[in-house]
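Next up, some structures in structure tokens.
After this come two complexes, each holding subunit A, first together with subunit B and then together with subunit C.
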Partner chain A sequence: MLSSNAAPSGATTMEAITDQPQLRLTGVRKTFHRDRKTVEALRDVSFEVPRGQFLSALGPSGCGKSTMLHIIGGFETATSGSVHLDGKPVTAPGRDRGMMFQQATLFPWKTVQANVAWPLLVDGWKRKHARERARELLATVGLSGFEHSYPAELSGGMRQRAALARTLGLAPDILLMDEPFGALDAQTRELMQEELTRIWQESQLTVIFITHDINEAVFLGDRVLVMGARPGRIIADVEIELDRPRGAHTKRDPKLVEYHNEFWDLIRQEAGPQPSGSRDAGETPS
Partner chain B sequence: MANVTFPRALAPRNLLTGAALRRLLGVAALLGGWELVARLGGTRLTPTLDEIAIRVLYDIETGTLLFHAQRTLLLAFSGLAIAVVVGCAVGLLMARSRWAEAALQPLLGATYPIPRLALYPVLILLFGLGAAPKIVLVSLECLYPMALGAYVGARSVTTTQLWLARNVGASWSRTLRDVIVPAALPSMLTGLRAAAPVMLIVIVVTEMIGENRGLGYMIMLARANFEPDGVLAVVAVLAVLGFAFDRAVVLLSRVLVFWERDVRL
Partner chain C sequence: MTATLTPESRVGRREWAEWMLDRRWPVATAVVLVLLAAWQTYGVIAGLPEYILTPFEIAGSVTELLASGRLVELSSASLGRLTAGFLLGTTSGVLIGLLSGVSRWFGDIVDGAVGFTYPIPKITLLPILAIWLGFTDSTRILVIAIAVFFPAYINANAATRGVDQELVWVAKNAGAGTLRTVLQVVLPAALPRTVAGIRQSLALSFIFMFATEAIGSSTGADAGLGGEMFAARANGEYDVLWAALATVAVLGGTIDAGFRWLVGRLMRGQELEVTGRG
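After this line comes the complex of A and B, so read on.
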């Protein structure tokens, strides 16, 4: 089931001929210099993402997942290599790529509604229309009734919903999500995963979703990139053959467990001989 | 996912009033000590509290206090206003521009320890004898806390917040207005809180030097007439003003930076 890097599977070959991939990374390298030390955050990262795909990227902490997303988003520039979006090189951030950062970025001085409406106002929308659109977006993520709350009054999950609503408001072509559910408790996280699946299916957006949770990556993704650390690079690129629509039943699918074990083995090999964590047992669905 | 409600502060009332009483303890001890000294070993130099209070009322009745206080406050707030505008601009610029930071930080650092009051004669030569040199000196002194507050505040803006603004396509000025200034506001108000007493000190001192109006002049006049109660009456008024300004800034902070309710000034 594990194929090597960027080998297009049979199903996508036809498309690739008629339609170029929406996003293409070619030999992306990124090194950071700090205090005379050099960190190679990414080495030779190349992959393509067809339009509409839900791509999960999985990897241990510090393997360069955020860095990769920041480069795609145009916030950081690659040391070498290139990123092309619809055939055009990425040089700066743009509303075509909606970024949900790993850190919370809701403005604490704005209400939830004002936070969601802000990108629209920046875009020149009329106040009234921006407000209406913000309400719609909040309804999409299940936050109706909290329009006038401040972020400090919301739970972690609700804040991430609000951030998602704000990002969707940009009407992006690609959603870049950096461990958006990382700080949530297990139950909230599962609910959010199901909701994201629903929203993605309705919108048909392209999504690049970063996580270090194997089940999350498999449950959400059409395809999973597995990354290794030091230097950060792609060690596997796998199509996930789980039926859609996915839901609570998918989590009991034995195929999910298979994927989980495979990925876990891969990551364990990559990490070398280390005391095995409780993840394997703890996160395998019963 | 459930509706989160925050319980209001559940502290019992008597605890709150207890805290309020404790806050007054230091002031009460100071006043009590003074009264004790004045009554037991007092001379004309140490008027009792009621003598000072009577003098304050007298100065209010005759209208002198209002006349002089108006002048003092007008100059003081003019100077502060300039300091707020220039200080915030300098602080924000320093925080967001490497060039400005490199150029301005050594300048501010080097001029900060200079006793700027020593410049007052020079300012008089430059600006004449009127209100101008006083206003300039007040704004010079208040500039430092304001610039520092704005600088620290604007530095607290995270990279991700700025990246978000770029993702959204916000212009530089829009980012300043909607992201940087709100984020810097709490720290700016801390600067304002530090600047308010400085403002009072500087204006009164300048008025004590060759002036015929203002609270500082009132002090010098009472001293010349050998009226310690007159001096202390003005000091008491200044203390009340200083306290009132401080409370006003705290109140302002509560209103303006409502989202940082947990931060106590």
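After this line comes the complex of A and C, so read on.
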């Protein structure tokens, strides 16, 4: 293995483990068969994520970024290539990777509290303890007082807060977030970004956050992967040097604007001379 | 009023607003009353043919039949058949539908058989089954059961197949096994559409109750409302005919309303998917 070679001689086993990236994708490729045609959703996606990093993956729709996240989550399998978490290959979903979707995907027949408690019960928690833990988690995401509401009674932002609480309840090592704020209105999205930053700073989880919103990717991320479409692949990998802790003030940081412009130029180049929409329209089966 | 937005006041206010919007029933009731009044007035002033009774005459006839015990006798005979056929048909329809939605293998086998039999008008089974079982309650119950099987099956099956993939992923992410995922996620998620199918079956069971009683029925206590209506028509007893019709309408409306009330209680948080009014 490369990692063992890279470890300096005489280093203890412990150091070797902490040096190793938490997540490693190696040559991940994914193809679909649609209408007798083979569509390449991902081509040779390789990157490493160190423990505790907030990684944003930025790309247009159809660049395979969701597929990439599903493969990391173990919900879909790569056509070739591999995903390793702490050195072990990923083959199935697991509680070590907490997944969040664009829709809150709460169970509509359960109250908010019961939704958050459900994964704990699956894990064999006592009902009483699961309930208490669910309340704590809901307090963390600012949903105290809504324990007994049903998802249909909540706003979109509140539902995503509840989904975040449920995912945090898995006690994951990595949060996989698939455009979780994409369906929210602009103001709610900004507030949720600040809230997520706060929660992440307190937890020091590793996060992979998918978005097509440049400012969101830069504001949240320690690092941004820029992806191109057809086939989906990584076209840039940029460290974001904005001060931590970040908050509302970060959004007025001139460096944020610089990053925004830099990424826009990348995306524009990638899209080529024709309007970016026409490429999609030509190849997307509808 | 204070401007604080506690969860309680928020939900309370929303429910109040919904309650206000939902008060359409006084208007709906008024429309029905106006129509009945017009019918009654026209009947009194202009006169109606002998075979059409006014609302008051129908009410009188219902009261008379109720007092004699005949209406209860007919209704219980009808409702007995309806209940047996409905339960038999919907239970098997829902169970097979859910199962074939969960298991692709089972589903593909059953779907073929259902697709083949679905277009057959179910009432045509009545004479065929009557050859075998005679014009008995067994025949009637079986025809009702077969007829109501289809909406129950089709909706339960589609509901299970249509469950959001991401809900299943949430369960897998939590480490839930297949059985737990099916019982605690797929089936509850499939419930609204399944229940909508059961409601269609319920409506259909009334139609088939009437249709099966209309043919080869006795005129005794077990004639049922359908049998009695046909006998009354033949004998020119239009008051009995109308009283039975009114009873079918009231029973159907009441049972459907009761069903919707029960579903509303049992399925908080989930909307009932219904075509038409829900």
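Operating definition for what follows: the second predicted complex is superposed on the first by the 253 of 286 C-alpha atoms of A that agree within 3 Å, B and C clash if a C-alpha of one lies under 4 Å from a C-alpha of the other, contacts with A are read in each partner's own complex, and residues count from 1 in each chain.
Please note the rule applied: a residue touches a chain if its C-beta (ideal position, glycine included) is under 8 Å from a C-beta of that chain, and two chains touch if they have at least 3 such contacts.
Computed from a predicted model, the values in this text were never measured in an experiment.
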Are subunit B and subunit C a fit on subunit A, or do they clash, once the structures share the same frame? clash
Going by the contact rule set out at the top, does A:T188 touch subunit B (first), subunit C (second), both, or neither? first
One more residue to check, A:M99. First (subunit B), second (subunit C), both or neither? both
Quick check for you: in the superposed arrangement, does A:G228 touch first (subunit B), second (subunit C), both or neither? neither
Taking the superposition on A as described, I'd like to know which of subunit B and subunit C A:F75 touches: first, second, both or neither. both
Which partner does A:W109 contact after superposing on A: first (subunit B), second (subunit C), both, neither? both
Give one of first, second, both or neither to describe whether A:P50 is in contact with subunit B, with subunit C, with both, or with none. neither
For subunit A, what residues appear in both contact lists, the one with subunit B and the one with subunit C? 73, 75, 92-95, 97-99, 101, 103, 105, 107-109, 118-119, 122-123, 145, 150, 152-153, 170
Contact residues on subunit A for subunit B in the complex? 70, 73, 75, 92-95, 97-99, 101-103, 105, 107-109, 118-119, 122-123, 142, 145, 150, 152-155, 157-158, 170, 188, 191
Subunit B contacts subunit A in the complex at 1-4, 6, 158, 160-161, 163-164, 166-170, 174, 178-179, 182, 185, 257-261
Subunit C residues touching subunit A in their complex are 6-7, 11, 14, 164, 166-167, 169-176, 180, 184-185, 188-189, 191, 267-271
Subunit C contact footprint on subunit A (complex, rising order): 73, 75, 92-95, 97-99, 101, 103, 105, 107-111, 118-119, 122-123, 145-146, 149-153, 166-167, 170
